[in-house]
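By letter and in written order, the chains are A, B and C; residue numbering begins at 1 in each of them.
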């Protein structure tokens, strides 16, 4: 039987496509990666269908690439060796909100705005990355280990238990969800992520779809604070922002906390391009730390009060020029920003990374906060050889400032082929310079994979052994990471 | 002692490893977090209280033989009692007594003690002191005005070391006793307290010594025996009643260390300390004065289901060791500044000399002392003060290596100077 | 038994003669399972030799030698809870005590520990810098590396998170002798970060529990530290009652009684939702009687405990909440207010505790669990939601009724629990006390509980893959495959992690499972 027919039997005819227009949509994304065409796009509705598809793919040795979001930025869902794109967006239910244990069980197709809106009804929120695209899958964000803007949850990973399909088609559940009757009659509340015997979810994270397909995930949710106060701390140089960040984090002040350069902040706050942007670029400080103080469930203002006092003490100690509760010249910036931080980017607005020049390529890595100025210098040195390119910077402290995510956003005109080429070269050069200087690329997309795995020989060897164990026929997202 | 009497204790070890580390609440650094010298030095678990309990268990179950390694382990332990105190913080296990019983077993079966111990035993038996010197020379240090054998309620038991080697300790102690105005005497025929034999498992060999000294003390009519040597003190107070299977309180005399006695004298006004010292010191707790000095209470019973002892077994946990009196005494000396080492009181690191270790394993004894000296140096103190001539001698012997100018005093010297 | 002469000579020339011994006395001293429990002691024998490496390189060489001569081996550090033990002839015990390296980066809040560093000495060093670390409740003397890799729990998990969350970069000698660096150490000479690159291989380092020595040797691990409060805690007291004096403006303890266990659990949920506190737990009445008897002996404990009526813990549930002013003294005031509101709402009575900590931060009293009868065993532990812990507790009490008179009297005590990760989860422990000579009863109860968990969908912490695997989506097959890849000769503490060694006879240890 023809492949398409077999797939149609599993998911229904309307959920299989080999239409070139449809395939083309999945052949490119927002990255600089070259287009890659799949042969089919298949849209399952549940775990059983996913299992069937992957089982079949193993029989015929057909690649399968999972895709949960409606948008991708780093080439992770491109079908490098053709095959099937497994479009999981039909699996888009919020399955269960467990207020008591503060977790939510979601399918991979649930986006951030959908999730946050559902949770907000119960005065809850999920811990989000920084302004994700409205089409971004919440599960995918967690699987990609996107850093979250709230630094206070020192245990970092909001991910709890999961159900997933191995590359060999077997179904598995991680942690305490493995028990019989999980999610229904079991004593276990599926809250504990580890085990049995290994941490499956850690192998699924950062895997770019090579180690399994998640069919649902329990993630932590937290109380949605009703009383908040946002602060903006301006700096001329990035180096001046580091020690304040250390101290703010060390004293456990606030929830959301991050550092932006003025370009990024301007883009985010701009209502109308290009005029508003130019105006904002005139008035905004070079660098701004954004810090949100939030009240607890009880006596919220008391909490904000003591945190603000502690914040001002830090200001005094370090002779900070200003700690502002609003941005002069930018009315309602605080309200707008807070809304976006808690709900996600508005669905009716052009996504901030595309708003400025149409396209954006990100380079990001993990480092210690004290090294951020050093890495900024390296990036600037690489930039010097190119014509001026607009760069946004975003520094996200992680876990009380234990480390940070440093992100450089290269804005460019994606329709200008010369510029695209230039950005591609710049990206490669900057990546290599950063890597050689000690930047830690824990999420090696595209060409970074070669850089990273070329050096991490032992790690790579073990990863490959695991891949062979899980995916003996190499069907799931072949070609990604070190799995060539 | 019979190892069989400690069979339950040997089985009860739960391998928690507490015996190797100081009390968690008192841990102040990575450097000085351990309390067991043999374990730190030799690494193998066998070299620890818990290790020796496991060895004892195996011996009782017939799974081990007496080997040179066994003797090495058993006799390298300084019997400092740190493991015992640490274990008894939470559990009712007689760690130290089991180790001592292991030594007794070694001797009973004819495999011990070691040659250096045998040499000292012979000297003690032949001359009444561990040095093999004519025992009448024991009294050579006596100052004027102190008549041996004179009737008095207070008797100063001098000990071999202070009589023959560090006579300045005996002289200082005598000065303190004289200054109090309370009459005291010394034995005309004091023998070695017997510690070198008792501590190496040679109980039977020590019988004659124990009986001699007890009789001599009783003949003296003294009701209170003062010792300036912590080992003599503990031997008289704890090991003698243990040997006789009596309680300490049922002995015919009370035993005090000179720091206890001098402290009482200062409080009562009988001893006045006016001389300034201008010295910064740190105090080293001798094991035998500190954690090992609690009164002895024999126990004979059985363990029922759930290890419940019948009758109830009172444990000596080191709580009531003589830690504060020496410190109070030092504080009463004008101008003396006292700083504490990290491992102090019941958590003190052994000087290395105890358990007859210095006699058989000099290098290891000095190694242990050097560790203590390093700890003392870090306090910024100019001197270490202790209340046992064996501790002081070993620390002095070790100062050559990393002493960094550290002076070593016995507490009686500082007190005597302040009179 | 003795090692092949060549193998022993190779070990001697590697670490030096003074750091390896095949003397029966040396080997005997490390014989033995855990803690007098006898459940885990079953079929344990002396290893053939004990070797003390100093460096990771030496550990690697030892493992390579073991692989060359096909010799089983197991690692041990603090030697507490020695589940890693010899069960087969010619086993090498790799004692990591000499590996005492410790580096602290207080700015970036992590510490790199070699395997011989204990949790409490790390705590001592980092509190000097205004930070703290998790000290496990099995005792502060436990090795940081071993404890974090294998178990790693304490009430401070309320803030620190479960142990797998605390692991940063790690150095791991795989069972076949290859060296695997995890996290940032895979790419940099820096241990600050735990992830990646790509899939995170910390995922195979441990699961619910670690591999208990069954997957090679972890020689170095960076662990997370957290901000603490700036003032010193001064030690006080003499053994057996020592404590830390806590700075009253920055730390407080509260003792709270609730009319029922359920109410206590409700309140603990609410405390987590309000995100206050540093440690939140329900304390077993039994622990309080043990604490009262400290220094007085077991007879004193039994005298008082015998007077306690049945079902006491259900009606006199005692909770303890610690507050720490991480941010400021005013944080304490705020949190205390919130706590009092919650207690009032759930019908509790709150009383401020003395400003001393005897056992929570450095865990000196963990071993008191063994004080009761000389042996104890938790037939089950639960890491899951507070509700799951409570349901498990009720079920456990019923199962244990059959053992009345066989196990020590517990008056229907349901176990104790503490809140983890700000109330998202809990750690629940069901303690049972047996007789030192009774090798069967506790093991039997453990098995019954595991079988009941299969039926009811419970989540026990001690997981026998061969028993649970068929009910749990056959995970045991995957685990076996992983073991085969990493340990092809099955030498790393066999039969772990494939099977729990106390459920399999020595004859079948080396055989492949079903």
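Heads up, the rule we're going with is that a contact is a pair of C-beta atoms (placed from the backbone, for glycine too) under 8 Å apart; a residue touches a chain by one contact, two chains touch by 3 or more.
For clarity, every value in this text was computed on a predicted model and none was experimentally measured.
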item: Topology of the chain contact graph, where touching chains are joined (line, ring, star, complete, other); value: line
item: Per-chain CA centroid nearest to the all-protein CA mean; value: C
item: Between chain A and chain B, centroid-to-centroid distance (C-alpha), Å; value: 65
item: Geometric centre distance via CA averages, chain C-chain A, whole Å; value: 33
item: Distance between chain centroids, defined by C-alpha means - chain B, chain C (Å); value: 37
item: Parts of chain A lying in touch with chain C, wherever the complex brings them together; value: 100-103, 145, 153-157, 160, 170-173, 175-176, 178-182, 185-208, 210-211, 220, 222-223, 246, 249-253, 296-299, 302-303, 305-307, 309-310, 313, 366, 368-370, 399-403, 438, 440-444, 449, 452-453, 455-456, 458-459, 461-463, 465-466, 469, 481-482
item: Sites on chain B touched by chain C in the complex; value: 11-18, 20-21, 23-30, 33, 42-46, 48, 50-52, 54-55, 58, 63-65, 67, 69-70, 73, 85-86, 88-92, 305-309, 312-315, 317-319, 321, 323, 345-347
item: Contact set on chain C toward chain B in their complex; value: 18-19, 21, 23-26, 28-32, 34-37, 50, 52, 78-82, 95, 97-98, 100, 102, 117-118, 120-125, 135, 139-142, 235-244, 294-295, 297-300, 302, 358, 362-368, 370-375, 408, 433, 435-436
item: Residues of chain C that touch chain A when the two form their complex; value: 107-110, 130, 159-162, 164-165, 174, 178-182, 184, 186-188, 190, 192-193, 195-209, 211, 224, 226-227, 269, 272-276, 326-328, 330-331, 333-334, 337-338, 341-342, 383-388, 391-392, 395, 421-425, 453-454, 456-459, 463, 465, 468, 471-475, 478-479, 481-482, 485-486, 497
